[in-house]
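One structure is given here, and the rest of the page talks about it.
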């Protein structure tokens, strides 16, 4: 038996069960820490009508941007989008819906979704278009709005190292939304750069405990850089 | 003379204190990092999950997994910590950041700020700006006093959709440093050679001019 | 004959599946860990922040920083992870634990459970029990069918303050395995040598007895 | 200047400013990972009328139990108490108030307090005495109750290793409520077993970022064990 061996050996297997019109939560910030191969596999599968929950929508030809090419995305729930021409075109043509959500609220909605918290209050967005149609309530003399949590049919996540139990650690700022996405998928798939022997990861240093992870796959990554900024050395 | 972008950043940097945790927005706010007084320690928070942002990397150090909220490659300073976006905004929303500096299209006498959306133009999103203005006690808005067409950005009431309501108390423009209090802008400092009259003329919202308004010096 | 505590644990252990994450309460539930079928992997969650609880430590391994929710010294199994109490209950509340086994004073035909408070006695608190019953889809309550004084613990309506409302669907007593459905207990299995009539007599809440009720074997 | 040197050199200095009738949030689970020296210092100071937010209340003569001896605690907000005779005595005599809170809700209240979330919904406690006087609301056909966050005038925390910036890591299950308490204090004090050079702790492996920590002190710890359970070796 192999109940805790989460490793799958192909991206087909990793995304088995993904169907049209499902909701997919994706980790990553800009192009940093995005599950690039899992996104590519969704492109290969041609799944349509997807709702994608992700802070951004990639760029033309990379990251979630590739899912725009064949119009696979019906709706984006994001804090910042439109770094690609295709996105703008589909939005203006009414082929794409966007639900803009403040970045911190988006992160908290994913965490809440994974944590069994159906809704929470936040001051973020009070008095702005984000508050439209949402309950306002005062606590200690300040106004807050009610925000509901998000869960997905699938979560796609990019980790650094993992063991077969699905325990994952992230590397530097490639962590971002990934551990939150991992908690909020009915089926959570993590692709990583290295699969290590069980016991190699310190238990108290694991970012995503294996209980959240359903499938784990070893990948290779391009890791494209969006804004290459350098200083002179020496 | 109106302040240059660098002078604006220099003026904002005078609000820094040793031991401050600071979040700097894109544009002029980013420049503030260049004017941290010698010997003063300040930690920069980047909302994608980095506390203790260091300088840009050298060509050799560059690492796709190390970026800031502007998606630029960066390094981690000594004493840095790295965490999830939820933890990052827990910090911000929970009021743990000492100073937030960000740009805006408009600010009004009620402390409202509009900085993310111009109807009719493509809306890219608010990113972390709404969380930043809602979470911080101490915010400095930096922007030009008037638009390129000469329209004041300091208004009786913001005309654009808001980023946050009633949360701004300090504004630094290229002409003046102002505080918002009791439903009016209060002129606290003038750019060198800029008169209170000129500032009053370019301020659409009510402006209180104290008897003595010091001139900034650089 | 009524089941022994060990037999109760053995019967519960038959509900385990390979790859299950399981939270075991104090008392009989704890014993379930001794009956995990050979070759089956199960991970035990301890709500103080440990997923992958191992056996008790040897004298040499004992470590004050390694305890379980019962405050006993334990070890971490291979593949374990350790985290904060907020993360631990995020797991529990979020429904990520596959099976929860816990004791109770009373259960009723509406799926209510009372397990933490007897009015008039000193109330020590609910600990994590309310989170566990609210968060899990799959809960097995283990308790004796009747009190020492012969009073049924399977009631039409709990008389004690609740731990959770409408959340229990499976009960294993020393006499029977029952499921709760449509406002009644349904007798699914009998302890060896215990008749459906005896169980009916000792069940205060409505009991549905199917035509054939298998006897447990050990 | 030394803005980020959070280290203080005495427990007096560590708890300076603590006054009667304040609220103190304490990390620890049972006797594991408790800020034992900070608690002892509160006993020495004799501060009275305290509201203590902590999962448990120690035992007679150790942990928070020592604050019962001189009746320094007015109210406990806890999930499980009364492992000591003094506690029971004061409770029955009406000298001590207890607000029992489910363990997961308590943890989430602390996290929410630190994270600027004034309130959240949870199914935990619905239909029980815990729900009395609280709003009930349905989300997706299930009933939840509204729980408000907790903050404290002080938070007292036990860490393992820290650097002078106040970045902290915890050891094994001594983590428990500590990182949550650390976020929720107006003034947060952490006592640790070791202070390491800045840069020694991996940035992505820090449990409590220094932004939450106001004062840091090096201590020595008894680490009493509540339930000593062993197996035979070999």
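Observations on the model:
A, B, C and D label the chains in the order they appear, each numbered from 1.
The definition used in the following text is that contacts are C-beta pairs under 8 Å (C-beta built on N, C-alpha and C of every residue); 3 or more make two chains touch, one makes a residue touch a chain.
Note that the structure is a prediction, hence the values are computed from the model and not measured.
Taking the definition of touch as given, a chain qualifies here only if it contacts chain A and chain B alike; those chains are D.
Farthest chain from chain B (centres taken as the mean of C-alpha atoms): C.
For this pair, chain A with chain D, the centres built from the Cα atoms lie 32 Å apart.
The mean-CA centres of chain B and chain C are about 55 angstrom from one another, to the nearest whole unit.
In whole angstrom, the spacing between the mean C-alpha positions of chain B and chain D is 35. Touching two or more other chains at once are residues 108, 111, 115-117, 122-123, 171-172, 175, 203-204, 207 of chain D. Of all residues in chain B, those that touch two or more other chains are 50, 76, 82-83, 89-90, 92-93, 134-135.
Pairwise, the chains that touch each other are A-B, A-C, A-D, B-D, C-D. Here chain A touches chain D in the complex through residues 108, 112, 115-123, 137, 139-140, 142, 144, 148, 169-172, 175, 203-205, 207, going by the rule given at the top.
Across the complex, chain A is touched by residues 17-21, 39-43, 45, 50-52, 76, 78-83, 87, 89-97, 134-135 of chain C. Chain D meets chain C in the complex at residues 29-33, 55, 78-83, 88, 91-92, 98, 100, 102-108, 110-111, 122-130, 171-180, 207, 223-234. Within the complex formed with chain D, the chain C residues making contact are 46-50, 55-60, 62-68, 70-74, 76, 82-86, 88-90, 92-93, 112, 117, 122-131, 134-135, 161-166.
Remark: chain D residues 1-4, 111, 113-117, 163-165, 167, 183, 198-199, 203-204, 206, 209-212 touch chain B in the complex.
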